[in-house]
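One structure is given below, represented as C-alpha cells, and several questions about it will come after.
Order as written gives the chain letters A, B, C and D; numbering starts at 1 within each chain.
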Amino acid sequence: MPEFRWPTRVYYEDTDSGGVVYHANYLRFMERARTEWLRSLGFEQDHLAAELGVIFAVRRMTVDYLAPARFNDLLQVSARVTQLRRVSMDFAQEVARAGDATPLCRGEVQVACLDSVRLRPRAIPQQLLDRVEEALGAD
Amino acid sequence: MPEFRWPTRVYYEDTDSGGVVYHANYLRFMERARTEWLRSLGFEQDHLAAELGVIFAVRRMTVDYLAPARFNDLLQVSARVTQLRRVSMDFAQEVARAGDATPLCRGEVQVACLDSVRLRPRAIPQQLLDRVEEALGAD
Amino acid sequence: MPEFRWPTRVYYEDTDSGGVVYHANYLRFMERARTEWLRSLGFEQDHLAAELGVIFAVRRMTVDYLAPARFNDLLQVSARVTQLRRVSMDFAQEVARAGDATPLCRGEVQVACLDSVRLRPRAIPQQLLDRVEEALGAD
Amino acid sequence: MPEFRWPTRVYYEDTDSGGVVYHANYLRFMERARTEWLRSLGFEQDHLAAELGVIFAVRRMTVDYLAPARFNDLLQVSARVTQLRRVSMDFAQEVARAGDATPLCRGEVQVACLDSVRLRPRAIPQQLLDRVEEALGAD
C-alpha cells in the first residue's frame, strides 16, 4: 500500500515545559493522519457515523518515542494499513520531520469499528472494506 | 456568596515549551472549578443532561493573564456567581498558587443553559436556580 | 490590513462529549492562525526566541461563542491586527466554517512581547514592528 | 510493591464527541498517577530538574483500551513499578472507575531518566533509586 503522509505543524499547544512535544500529543498527530487517509479514500467520518452508524476507536496501541519533536517543527505523519480484518484494522505509523526520514516516533495502532450509539464491535462497512482492499492492492 | 475553591495541580500536560501553563489550559482549570462548585451544591452534570435535558456551555469569557503558573505548581481555582439569570449565569474566577492570594489569572465567564440535544437556550432548571439563590443568599 | 486566514480541521481531539468543539480549543485555533500570520510575514517563532530572545504571550482575551463548530468541520480562522504598540499587539479574530462567513466564535486578543528567559515585557523587535506596519499599511 | 492509586475526575476537556474519554487522554491520566506516586515517595519533579538536572520521559508505551470512561466518571489510576533499571523504569498501570475493579484501560509504560538540558539518557539519581527499591521491597 502506498504510504499516506500528512503534514502537521508543532504549535505551543503541542509542547510541554520539557521543551518538546508532550508524549500524548503524538497520538493526536497519528489520528489526524488516519482521519486524512480515510478522507483521501473518500470517507468522511461524520458521514460514516450519521449514515452508516459506525465510528472507529483505538483498541490498542504501542508507541515508541525515539527522539523529541520540538516547537515549530513541521512534521510528516504516515499511516499504512498492515492488517485488515472484518471489525478492525492495524496501522503502522511514523512521525518524522519534513524532509528527514529519521522517525521521531513510531506507532502500531489497532483501530476497531464500533456501532456509533452502543459502542459495540461492528463489521466495517463493505464499501469501506472494498476501498481499503483496493488501495492495499494498488501497492 | 462564599467563594468556592478547587485545587488543581499543574502537570506536564498543562505546560508549554515556554515553561509555563499554556494559556488555553486556564480555561480548563476554571471549568473544573465550576463543575466542582455545581457538584458541591448537589448537581452532577451527567444527571442534569440525562434527566433534565440541560447542559451548560460557555457563551462569553474575558481572561486576564497576570503572571505565569509553572510546572508542578499547586493551584487554587475559585468560582463565584456574580449574576444569575433565567438562562445564564456569570462567574468571577481566579487562579492562584495555593497559600498565595496573588492572582495569576482572572476570568469573567458567562455560562448559558442549553437544551442538551438541540443546543438551544433553555431556562435553568428551577431546583438548580433555587439552590444557587440559596447559596448566594448565604453570603 | 488584509485579513489573514488559516484553515483548521476539527478532529476528535478538539471536540467534547457535548458533540461540539470544546470551548478552550478555539484558543488553540486562534493561536495557530496568529502563528501562521507571523510566518507569512517571514517570522518563525523559534528563531525569534533563539536569535532575538523574545516570545509572545497572550496577556488578555475576550471570546464570544456564537454557534458551535462540530467534528469534521473545516474551519477558517482569521487574524487581523487592530492595534500595534511598542510591547504588545491587539488582534481581532474569527472562526467560521470554510465557505460560510457566519462567525462561530470571535476573539479579541492582546499579545505581549516578552523576554524569552525572564518572561518580562520587552519591546517588539524593530524589524518585526516595521514588517507589521508595512502589512497594516498595505490595507 | 503496594500499588499506588490516584483519583481523577473526567471533565468535558477529557471527552470527545464520541461521548467518551479521548484515547490520548488516558496517557495524561497515567502520567498524573506516576507523578503523584513519585511525590508520595518524596520527590517533586521540578526539584529533580532544578537540583539534580534530571527529567523523566516516556520511552515506550503499550495501551489497551478495554471499555470507555465517560463524562463525569470518577476514575482511579494505578501505578506499579514492574522493573527498575539504572536509567529507566517500567510501570504497569490501570484506569478503572472508583469502586469498580474492572479495568477500562491498561498501560505498560517505560520511562527513561534524561538529562534535563540535553535530553540524553542519564542514571536515575541514587537517592531516588534507593527510595523506589525500598518501596518495592515493602511489598
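By our rule, a contact is a pair of C-beta atoms (placed from the backbone, for glycine too) under 8 Å apart; a residue touches a chain by one contact, two chains touch by 3 or more.
Quick caveat: nothing in here was measured; it's all calculated off a predicted structure.
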| item | value |
| --- | --- |
| B-C compared against B-D, more contacting pairs | B-C |
| Centroid-based (C-alpha) most distant chain relative to chain B | A |
| Distance from the mean Cα position of chain D to that of chain B, given in whole angstrom | 27 |
| Chain centre separation in whole Å, for chain D relative to chain C (CA means) | 34 |
| Inter-chain centre distance, chain B versus chain C - centres from mean C-alpha coordinates, in Å | 24 |
| Contacts with 2+ other chains: residues of chain B | 12-13, 18-20, 24, 28, 31, 70-71 |
| Complex contact set, residues of chain A against chain C | 9, 11-13, 28, 31-32, 35, 44-46, 70-72 |
| Residues of chain D defined as touching chain C within the complex | 12-13, 15-20, 22, 24, 70-71 |
| Partner chain C, residues of chain B touching it in the complex | 18-20, 23-25, 27-28, 31, 55, 57-65, 68, 116, 119 |
